[in-house]
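We call the chains A, B, C and D, going by the order they appear; numbering starts again at 1 in every chain.
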Amino acid sequence: MNLSLLILLPIITAMAILFSNGLKQIRVIGLLGSIAQLGLASWLLKLYLNERAIGNTATYLFESNYPWFSALHINYHIGIDGISLAMILLTSLIVVAGILVSWTMDKLSKEYFFLLVLLSMGAYGFFISLDLFTLFFFLEVAVIPKFLLIGIWGSGNKQNSAMKLALMLMAGSALVFVGLMGIYYNTHTFDIVQITQIGISAGVQQFFFPFAFIGFGIFAALFPFHTWVPDGHASAPTAASMFLAGISMKLGGYGCLRIASLMPDAAHHYAWIIILLATIAIIYGAFATMMQTDLKYINAYSSISHCGFVILGIGMMNKTSINGAVIQMVSHGLMTALFFAAIGMIYSRTHTRMIAQLGGLLKAMPFISTVFVIAGLCSLGLPGFSGFVAEMTVFMGSWQNPNGVYRLATIISGASIVVTAVYILRATGKTIMGPISNEHALLGDATWNEKFAAALLITGIVIIGIAPFLLNALIGPGTDNIMLQVGKAITLK
Amino acid sequence: MNITTILFYLIAACILGAGILAVTSTKIFRAAIWLLFSLVSVAALYFWMQVEFIAAIQIVVYVGGIVVLIIFSIFLTQQSGKEMPKPRATKTISSLAAALFGFLFTCNLIKHYSFESAIGKPFDSSIHTIGIQMLSTQEHGYILPFEVISMLLLAAMIGCIVIAMKKESTQ
Amino acid sequence: MSNYSYILLIPLLPLLTFLVLGIFGRKYFNTTAGFIGSASLLASTILSFIAAKQYFFVDGKLNGVYQKIIAFKYTWLSFSPNVSIDMGIIIDPISVMMLIVVTSVSLMVHVFSLGYMKGEERFATYYAFLSLFTFSMLGLILSVNIFQVYIFWELVGASSFLLIGYYFSKPSAVAAAKKAFIVTRFADLGFLIGILILGFYGGTLDIGLLIERLTATQSAEFINMTTASFLGASMLTWGLSLIFIGGAGKSAMFPLHIWLPDAMEGPTPVSALIHAATMVVAGVYLVARLFPIFSMDPSSLSLVTYIGAFSAFFAAVIACTQTDIKRVLAYSTMSQIGYMMFALGISKVGGEEGLGYMASLFHLFTHAFFKSLLFLGAGAVIHMVHSNEMKDMGGLRKLMPITHIAFLIACLAIAGIPPFAGFFSKEEILTAAFHSNKLIYGVALFTAALTSFYMFRLYFSIFWSKESTLQHHHGEGTWSMKLPLLILAACAVLAGFVPFSNFITSDGKALETHIDLIFSIAPVGLTLIAISIAAYLYKKENDKPSKLAAQFGILYQAAFKKFYVDELYLFITKKIIFPFIGHPIAWADKNIVDGFMLLLGKTTAKISFKIKGIQSGKVQNYTLYFFGGILILSILFIYTWK
Amino acid sequence: MSESPLIPILIVSTALFFIGMFGLFTRRNMITMLMAIELMLNSVNINFVAFNKYLFPDKLNGLFFTLFIIAIAAAEAAVAIAIIINLYRSHTSIDVEDASEMKF
């Protein structure tokens, strides 16, 4: 099955959206396109599993390789392994939910849906590309729609936050580009598979690794560069903030993972900085969330804290922690998308996101409140939901590292589960429980599209929560391949 | 120290003196006249260098044409007697320093660059040879530039007329 | 060994009810939810009784010890080849005993709530949460892997949050639910780190394997665990004490007990189930489950003992001063659990010193019955009087005869009067304490006296003191409320006679215990004196208690105010964590980190404004720059790049 | 002068050139700037003639160069003055400082 179909389908949907008119037509086409994409992704999963079942142990499957710009050895080389397939499934789920949640978007709806599909196309391309340049190309494709989505359809000082987001992401991609150039000039190829064979000398790695890692780190809300996250998410419309938190931060995480696997010695060398920043991000993000009064800011800051786990997992550089990082990426994607969807539903009804003004919504909208509670419980790591599985795997992985300081870092990030509990319960307690104000009392509950979107995401969360061995089996070979490059696979004795 | 060197220093002094005064005098008309003297002394230098044709051209075109043109423009644009504003001190000092520095730098270059002067070869700059070479199409011929320059002069003429034409529409 | 796989059904039935009632409850089963919940729980109770009979009597002992059977094991999440979370069911004396306790008490509560919660708007969700709780409690009991314990531990915490916050429109209930979850979550953090330590040094997460590796002194894991030390204490002590902190949080031991009294905001049947019989004993069960490892490390055991003893004494003192009857019962639960904890703490493995272990679990067994009976009785009274305060009650013995008798039996049982269950289990604890640690014995004795004092203070002020001023009152509630009271009362009487010692002992071998009367004179005597003091003070309504309270002065006030522990916690969170950590971080993020990024933006703007000045439109400037450029280039070309 | 008088001529022409440049920098009136440019052109012509006479007497390239420069200088002066007049009409002053619309 040719992987380019994954990119072709969004393009076709985008074109179809452009040529349709009227909100009804646009949203139906958008929905059909995204459901088709979800079907395609699950079909790909089935094929992938069959392939693995019949014992095909190639690291990357369904590869296709066309020279794109032979002079600079850039070729359109695409292929997937367990990790990228998990990411594709996550993206397709969030895209369907995102389109369903923005069912009543009547302001410039054609452009809105077009940009959403374009952004998802960027993400799909990013996850399947095995050539660093194609990877970078799709990373760029995904940045522009974000800026427009927040700038035009956003709320609050949307221009300012859109500008900040776009500039910081551009800075990130600039740094990534420097990193890629460094790799290119030392291996004369952009192809990931060849780079791992040729290998980059340690000196070069140590010089270019920070560029690429910090570049992708900016996408994944690495500590000092996370300031675009709160403003960007808070002023983005619901679907855009779902995509932003659910997909674009995963681009960063996935990118960091690829860079760490391409330059393992440097990753080891800088591991202590990565872990330090990740721990700060986790604890700092959690405490900062405690102080927020706006629901979207709460979720934005909590995404910083959760993405800190991803970076922590990558920084620890052993099989379990990288497994944990990937599961955390998937689980956090679903969880934040669900949380933003719930906040969007509440906002569309009560027109306020301030906790102080909300209260006792359980009486007025039981379904949305249960969705809110589920998202909250998942993010504080209740077993039965994916948050728990991800965090525990990262903890187990990072605990195996015998270095005392890293163990302290794990304990500190462990303490974040308490702070997360505090701010989640504070938010849920205030908005869902407590006495309801009279004008909120007569608000309607979720419409069919919101129900379906929430149900979709919740099934994702619960499946990973109840049966993590499925996801573990899927991404297992992927992490083994990464650990192969990392050399010493620090597994538990 | 024979007569030609004295003559040379005299001409040089005239050129530079008139030049400086042309550049620094406050009255614009006086500056134009000093420019006239400077150009004439340059023609004298050409005579001193026995390139009479170039000297003649210099007098005809530069002195006769361009300086007269400048004086006309002075009459056209303002009363010649009006004082021109003294430029700001800082600008004069800085440009003076720049000019001096440039001058010393280039002189230093000239001193250190050993020109191997080709003694012995005859220098024939008579009008006859200039005329032949100007229109010859052989190896060193200048027929092409000659034609191009004519077109250029034509274009310049038309250009000036168009630019300086009094536009009834804009009044 | 007969096939025990049907035990998997016991936790799954409540899970099924939770899913059914949770998703469809609101629309279809709002009225019939109670019956569905109770029916499914009846089924699992019967199953657990069958399992107990089969395990204890049919299979019986193999060379004097009951076998540990792993009925079912599946790798749930594998971290690495030999470290993984696997879900499984373990059948051994403790888990079967706990099965019986949890299912029967839960059944009683389900039946009682049929009457008590009738007419509630969210009736179905109530039963959904109740069955979720029962499922997670049963899961916790049957787990074979420490992480599986942790998973169900969290689920128990979450369902208690949902149940305490059941009356969500009451802000106090929401605050109580939040407090309960956060405090237990804090303790769970300790539990998690303890698991990580044990898992890493023990090389596995499986409880059986861990016990096997960490109890064999010459095993590699044990050696490097005791040698590796951090801040003076060996890793084994760190691991075990952290796990105990997790247990202490859930069982409301001293420092982490503040959530238990507030948890009374939830409906009373919930308190009966969660805060009397099941959830709070999870900590005791955890320590009992890992007891062989604990016994290898005396320092963590002493931690268990002293925290347990202090909590028992501390709670008893506060209980004597409280006026809200549910708060009194909450503190009495905390005190009784303190008993169980220190009984475990002073026990050793095997033979005579193992008495503490057996006594503690026996007390757990009996306590579950009479404490849930007390709570259900209190629930019936509150249902009648519609208020929790003692002063609004009085003289209810005529209006509520059955509740009165049941309540009296329970009070006698908890006070430890001979024929009742409390006497036997408390005697065992006191004998164990007497043999091993005299100080603990003294504290236990005094606390026993205090217990009987506050229990009978409660009893007399509810059923005797002044005549009841209730005008309109509907009868004592339907049979669904009376039946559980009677059944539990019967259990409270008979539980004492169960030959506990040959079922559950620290090393599995039967331990013949005898009640020597001389020894038990002291405690029973003290109890009778305390009861008479309580009767003297509270039988008839008079001002003697307030006078006595005045004499104690500030001590009484402090006890009434729960020794200001709540205020301390509030002070820490409100005054220290929020203003000194929360706000600075939020401010720092907005100003410093974000400010830095904005600064970058501003400086670029400033620089670009300056550069813009060069395009000044002044021709002469341009000539100057032009000349400067030529000069520099010429210098470069001539002098540097020869 | 013992050997060829090339060096003094070059010095004179450089001096003339930098006097012209100084004039260009300090003069605010466009016409005087035009004069300064004329001076600079003349210094270039002197150079050409001097080089041709003293270094490559057999060929007359230098001379021809000077001729063409003079021709072009004339054209250039004419166009410059046309522009100045036009500027004078629109700005009523030919001070170079006033014509600064083309700034940021």
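Convention: contacts are C-beta pairs under 8 Å (C-beta built on N, C-alpha and C of every residue); 3 or more make two chains touch, one makes a residue touch a chain.
Keep in mind that what you see is a predicted model, and the values were worked out from it rather than measured.
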Chain D and chain A - chains in contact with each: C
B-C against C-D, pair bridged by the larger set of C-beta contacts: C-D
Most remote chain, CA-based centroid, reference being chain A: B
Chain B-chain C separation of Cα centroids, rounded to whole Å: 104
Between chain C and chain D, centroid-to-centroid distance (C-alpha), Å: 99
Centroid spacing, where centroids are CA-atom means, of chain A and chain B in whole angstrom: 73
Chain centre separation (chain A, chain C; CA means) in Å: 36
Multi-partner residues of chain D (each touching 2 or more other chains): 21, 25, 28
Residue numbers of chain C (touch at least two other chains): 620, 624, 627
Touching two or more other chains - residues of chain A: none
Chain-chain contacts as defined at top: A-C, B-C, B-D, C-D
Chain C-touching residues of chain A, taken from the complex the two chains share: 164, 167-168, 224, 226-228, 230-231, 284, 287-288, 290-292, 301, 319-320, 323, 360, 362-363, 366, 377, 380-384, 388-389, 392-393, 395-397, 399-400, 410-411, 414-415, 417-418, 421-422, 425-426, 429, 432-436, 468-469, 472, 491-493
Interfacial residue positions of chain C with respect to chain B in the complex: 620, 624, 627-628, 631, 634-635, 638
In the complex with chain C, residue positions of chain D that touch it: 21, 24-25, 28, 96-97, 99-104
List of chain C residues in touch with chain A within their complex: 26, 75-83, 85, 147, 150-152, 154-155, 158, 161, 165, 168-169, 171, 173-175, 177-178, 181-182, 185-186, 188-189, 192-193, 196, 199-200, 203, 578, 581-583, 585-586, 589, 593-594, 596-597, 601
Interface residues, chain B side, partner chain D - complex: 5, 8, 12, 15-16, 19-20, 22-24, 28, 31-32, 35, 38-39, 42, 45-46, 49-51, 53-54, 57-58, 61-62, 65-67, 69-70, 72-74, 76-78, 84-85, 87, 91-92, 94-96, 98-100, 102-103, 106-107, 110-111, 115-119, 121-125, 129-130, 133-134, 140, 142, 145, 149, 152-153, 156-157, 159-161, 163-164
